[in-house]
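Multiple structures are listed underneath, in structure tokens.
Next come two complexes, and both contain chain A; in the first it sits with chain B, in the second with chain C.
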Partner chain A sequence: MVNILLQNFKWLNGLLLFMVAMSLAGCNAAVDIDKALEGHLKGPAKIYRHSLRGAPSSLDPVNAATVYSNFIIVNIYDTLYRYKYLARPYEIVPNLAVDMPEVSDDGLIYTIKIKKEVFYADDPAFLNGKGREVIAEDLIYSIKRHFDVSNRSQGSWLWDGKIVGLNEWKDAGSNYNQTIQGLKAVDSHTIQITLFKPYPQLTHTFAMGFSALVPHEAVDYYGREFSVHPVGSGPFKMLRYESSNYALMIRNIKYRQEPIDLSFEGYDPKLHKQYGIDKIAGKSPPLVDALKIDFIKESASKWASFTKGNEINFSGVPVEQVDQILTQKKPTLILTPEMSEKYHMFHTIEAGFVHTDFNMRDPLIGYNDDPIRDKRNKKLRCAIRSAFDWKERNDVFYSGIAVEYPGIIPPVVPEFDPHLSNISTLRNVDEAKRMMLEGDWTKDNVPTLVYGGAASVSTRQIYEQFRGWMKDIGFPEEKVVFDSYASFGDFNKAMKEAKIMIIGSGWILDYPDAQNTLQLFYGPYGSPGSNNSNYNNPEYNRLYEQTSTMLPSKERTQLYRKMNNIVIDDCVSITGLSRDNIFLWHKSVISYPDSGIVGGFHLKFVDMLDEEGK
Partner chain B sequence: MEILQYTLRKLVTGIPLIFGVTLISFTLMVHYGPDKTYDLLGKNPTQEQITEVRHQLGYDQTFVVRYTQYLQELATMNFGYSDSSGEKVSSILIRTMPVSLALILPGFVLGNLLGIILALISAYHRGYWIDKVIMGVSVMGMSVSFLIVIIAFQVIFSSSKGLDLFPVRGWDVYSFTDYIHYVTVPTLASIFVSLGYNTRFYRAVIVEEMGRDHVRTAKAFGAHPIELLFKSVLKNSLIPIITRIMFSIPLVVISGSLLLESYFGIPGVGKVTYDAIISGDQPILKAVVGLTAIMFVFTLIINDILYKVVDPRISLK
Partner chain C sequence: MNLVKKRSTAQAREENVGESMWSKAAYKFRRDRTGMMGLYVVVLYMLVALGVAFGLWGTEWSDNNGQKWEGISFQYWFGTNILGQDIFERAVFSTKTAFEVGLVVAMISTLIGAILGALSGFFSNTWIDEIILWVMGVLDSIPFYLFVAAIAFALSGFAYSMHVAMIATFWTGTSRLVRGEVIKLKNFEFVEAARAVGVPQHTIIFRHILPNTFHILLVQSTIVFVGAIKSEVILSFLGLGVKDGVSWGLMIAESTLEVQAGEFANFYAASALLFILVMAFNMFSDALQDALDPKKVSA
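Moving on to the complex of A and B:
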């Protein structure tokens, strides 16, 4: 039979050969971690495998807009400042900077010294392939890049109109040889920044990936592809980057030696000893030889890879797994014995919040030229908010472990008011019906509510839940409709063009200061700005402007809270909820993970135990 | 000479096809594709910044200008840079297409070979229990969602709760052994879902051939069943089989397999294409669509030449 087959189908041999050849063509170019670290390894390579639920869009700091991009960037590049590894609430500390900025009495001049003998990782972009020393001019160059239109910066808003001469430099054509009055290198390791008016969040901006220090040689060498060939002075160096799959980094052997002072990092034995954090005291980061970050959106695949034991070492917990891995959710989360035997767990409230906004530019529900209708619209919004059930939203979509709270100041920032009445977050159908009545709204005259969202199963489910609540207060089913957008890009465009009436939204903080969420309701930032609700209250705007130059203080906190109350009283947004992120990692890993604002900074402190548990 | 003339003729007549496909797909991309403007802007952009980004993306140009540029890109095979990552599109394709090919090829080849063999057995024993079993299993394979198959195979073959023989995710392939290690489970999943479709299709073709006079003559002559099936039946059924296989190739090469690549963490072109569709990364989409159209034209030509090879009666004129 075989003979007959071979006689008649000689081409099968060729086909098999072709298959082998093609399969070898699909092999990766040889990337061997041990080889890359040759001469720098004292023992077997320690490789930590992290996972993220999304992929970075770009690794160029000017485009560090997503959580995922920022996460990678702060590991490749240096920022002047960072947040303490273990301290909560977050505390900003020097990173590349020698100390905290020296600020003039009027709050307008910042002087920052950077550490000496810090070098960029070796790369072909440099002369002879050897990374040069990081200098003050690198920060100036890196900030200038944000104001060069050809770079399509997503971070220029941080310094736009704030640094003397910067906007003029942009308007004059972004000539890198021209100096900027308010952005100067006093000497090779001292930067001086002059502001138009005090900007209390400036230091925080220097802890963001946007402000990472970039060598001009690498930008020139890689050109447009600099976004996939990052070159920095951070703890890791990129070895291989597959933009939608993974990033493989190795230890930057030129990274400065800075032994870990645990008490400085906020070590508390009661909280941190259980994770073995005490074992890293005195060691110099980075503590692993290689870091592989897999970008995995598919939760089933991520979970299988994590529980396998020899693949990814870290995973967030998919919503569908939460009930399987916990024996208790309240008052605190407790893992099942089987899980706690294998894994460490840490959970933390996200640095952000989810909210549902009303588009105030829509006369059907927001501002209306007719003062009577304007008042009725407010009643309608307040009624909708009263019908909204945050507890049920939490139970159905966030496993019941998220935190519900009133207003737009989330618990993660110091200005959060734990004593604020939570009445605006509680479902009260009777109250909602009463407000409908007061506004003279009936099932016949209510406007059709259009809930917008990008097409996905979960968005549709969220809408259906919302429609159910609206039905309870008298909205006919056909008067609550879903406006589905094929992609997030389309949804975002419609939102920025103020075309969506009711917007399900989320926000991840850029820095731990309530100003970052309060700006979401500042009138001049209306669409296409970040104020998607297009709220425009003169009193709120005045307070925002007043506080924008104030340093953290009791007085500022009071004003922030006053603004929070204005938003609540005007029923502009249905708020709020911050998700509780659960992280699991293998017991062979020493880590204290985080995401959001400080996400990524912790990776240089991650260590791996050897087989003997040392 | 006849083949060369035919190929040149077909290449020339293929140009309108490429125009047609690219024109339709480009129109769809431009009018219905996601708008990336706001994804690329920072917070609180000014109108000037919005205009600048739209200009950089080419959104402010007329359809004709954009389509002409696209044709130029296609002619020069220079598709520029990804709007998302900034990486050169050609680099992305060169890196990911071989991976997709290496991932899909074993499942594609084995799925078709096994499909043909099972179809031959089934057709030969038409109406008997073996035929019914093969057809029943085929329908089962066709009925189960690919996604469920992938997740189930991951659990069975790769996870700690199953046999734990293969990796759940990844593509750290540096040798042929590594390759076998990473490709086995995706291949099994791919065969499982494609086998049903292939077997049923090939069986229908072969059953038709089995009823022809020359097959009955060969049977009467006492030909060995294997010889009968492969020499008299399969050879004469090759035209629809070749058509089916050949027209699958462009999709296999260019589009890859999104689900396999996503769930097994394999850096192939399928996932890149999917991400480009979702994010509206037009340089990548334009390249994938254009290359697929070109490959279809070449496939058409090779397909016709193969017809001539398997059936010399067919004229290329």
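Moving on to the complex of A and C:
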């Protein structure tokens, strides 16, 4: 009877879906970009329409702290280095730099030559509106800006306390006319950087949006408006920017001509030919005339815009659509015939991971002055971890296609240990109850677990799932509560003030080196630093400091893995899971998208087929 | 003989009904079938809410025992949600949430509205009236949901921020109505008489005048009650509502993603229960308003 009723109401379901899709799609009405492009493009133009899940917070490189800001900044500005378009694992290569840096034997002096005759895009900020040549001083100026307190840089941590004289320059009042001992231009196209101690990740920092080269003329000309008026020497030039809606860019006609060498970029016919990548060989980026990036937070709206056919060309797949578009999820993902006829698909494990940390500064669950309670707290944390069900988390929230693994070194970095025991990721309720018993924890004396998160449906559901698991090991319902914050900013503030007991969070890697995730548990980086768990283990800290000056080597990898084991043994974080991102794009587009390490760098390689498919 | 006796008893009852406004209103309300139907539904919901409050049912609303998006079955009458939670249990538990919000907001905002409205009306055209009217004018000039969201946002760490937000906005409507009624009543002879024998002002306001506005307060509280339930759903949908437990608003918010995946049970369950209660309350409220309308009652 019920089934008959439901069948009769199928039309109602359809109507409801239609209404939701239409209303959400209506929120993102297509803008008339033709008008904006009028006079900038000649003849039939290639316009690629990308989409992002969020809007950039700023387009000033000193504040390129979000994935979205970084994504756009690397297309407007130049960085010294970038990552190969197609090679995986990721490989860093010169971009504006002529070659990889020359490093002195002691690892303290880096000498980097930059390419000659590279020009900034034309802009009213320059004399007569003509962009001038990029010089070594521009990098020095751009790094100095991070240490000018008036800019409130979010990227200064990359070089803080590492370059000789830089912090002193800041302390002396950030006078741009003053030279810095460890940051100088040997000549107009050669930069020399002197470090206090070896910093193997330095080259990676020059592949980030934070280190993009900025012309001082544009900063002076636009002042506070510079964050929305980017002027760089990158492959694209900003034409129109609506901070919460879209960015419309056109090809920078002054961008240097560098024909694509596919074998250098890591081309593998087995992997890449299916996407038509071979067709871009020998062409000089950027390959499209205009690039429009829509910022569409609402997944349904984005999906509607993508599947409509004539709006955005690229979209990630919302988790709720995964089961609809795939015929198979394991061992490999296979699109339904209807979808594969229209779209290309690529999926990749994210350059980051999802984890749930315990706040070790909270005496109820973390460090406690009473040594007995301290040990009991560890038992409690381990019991909670054992009750945690990563498989179910994966099935419910990530369509079962994410990768679960132990510890804090994600699969995307070369230091990942595929042979590490995964016992810490497996749900074992009996083991959890045994540890509760060993710690003398009962339903009457367990502390109230406070799970913090920004107010959103998914965060609340993640908490409710967590509460269900805790109830299974004896926590009363009222002793697992949700601490809801009105916005992510409020949540982040509370996290940085170490006010949250249990913190569900994620981390996107800045560069493909496990050091970037290991630093999340380094004691001196405790709140308000990046170590949100406020973990402070002397042995871990010692190993972190030891490895921080080591170049990649087997020995360093061994030490990294040792640190990973320490975090696992101390039950300081419930880890880990890396999401599998699925991307779809129209068949008229030649692309190999990436949302992580390569990120926005891939856009200059995107090409569009004409009507004849050429 | 018997027939004559029966008719005269009925006549007598009619005559007696005419003696009191309340009994007359009760009689009139009982004759309003739509209103009575609304009342029965509201009472049914209230019993469900009481059962949840006393732990008789809806106790498994937070258990994640099922599988993701299970269909309708004897075990799960409305199926399960993305976490494998029983949608029926959650919908039933949400009845308690709705009544809790509705009752708290209706009672407190009616109380505030009654007191300030009475003061404003009694001291009309004085500085007291000016201040109260100014406060009400300011509050009313702010778009309702914007104001409620702002307060809920500002007090987001506080478990009852949503209640505070709604009370802060809902009392003004009641207050305006009471003010008007008090302005009318304060010139009646019974008030003049009380003044003449030296009854203190506060006694006149709260013991002589205010009880005569109860019919307004009763109707207004039912309107506020249903308004609070609807607002709770919207605020919870926006992430500014219920902190602990579950509500129809939260269920509808959860369903936004589920609907895109072709799962509608959460949405239908919450929407249907909300719709029936709001409809019933509106019917009840309309009938009550008609029954207590002095013009119609005395007619």
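Simple rule for what comes next: the second predicted complex is superposed on the first by the 571 of 614 C-alpha atoms of A that agree within 3 Å, B and C clash if a C-alpha of one lies under 4 Å from a C-alpha of the other, contacts with A are read in each partner's own complex, and residues count from 1 in each chain.
Here is the rule we go by: contacts are C-beta pairs under 8 Å (C-beta built on N, C-alpha and C of every residue); 3 or more make two chains touch, one makes a residue touch a chain.
A quick note: this is a predicted structure, and the numbers were derived from the prediction, not measured.
In the overlay built on the shared chain, the residue A:60 is in contact with chain B alone; chain C does not reach it. In the superposition on chain A, contact of A:154 is made with chain B only, not with chain C. In the overlay built on the shared chain, the residue A:486 is in contact with chain B and with chain C. Put simply, more of the residues of chain A are touched by B, taking chain B and chain C as the two choices.
Residue contacts after overlaying the shared chain place A:426 against neither chain B nor chain C.
After overlaying the two complexes on the shared chain, residue contacts for A:550 are found with neither chain B nor chain C.
When both complexes are overlaid on chain A, the residue A:300 reaches chain B and chain C alike.
Counting contacts by the rule stated earlier, residues 20, 300, 486, 490 of chain A appear in both its interface with chain B and its interface with chain C. Residues 2-3, 6, 13, 16-17, 20, 299-300, 303, 318-321, 323-324, 395-396, 455-458, 460-461, 464-465, 467-469, 471, 477, 481-482, 484-486, 490 of chain A are the ones touching chain C in the complex.
Taken in their complex, chain A has these residues touching chain B: 1, 4-5, 8-9, 15, 19-20, 22-28, 30, 32, 55, 57-58, 60, 63, 65, 149, 152-157, 160, 224-228, 242-246, 294, 296-298, 300-301, 304-305, 307-309, 311-312, 486-490, 492-493, 496, 525, 528-530.
On the chain B side of its complex with chain A, the touching residues are 32, 34-45, 49-50, 52-53, 56, 81-82, 84-88, 91-92, 95, 98-103, 105-106, 109, 151, 154-155, 158-161, 164, 167-176, 178-179, 183, 224, 226-227, 230-231, 235, 262-267, 271-272, 275, 278-280.
Contact residues of chain C toward chain A in the complex are 62-64, 68, 72, 82-83, 85, 153, 156, 239-240, 243-244, 250, 253-254, 256-262, 264, 267.
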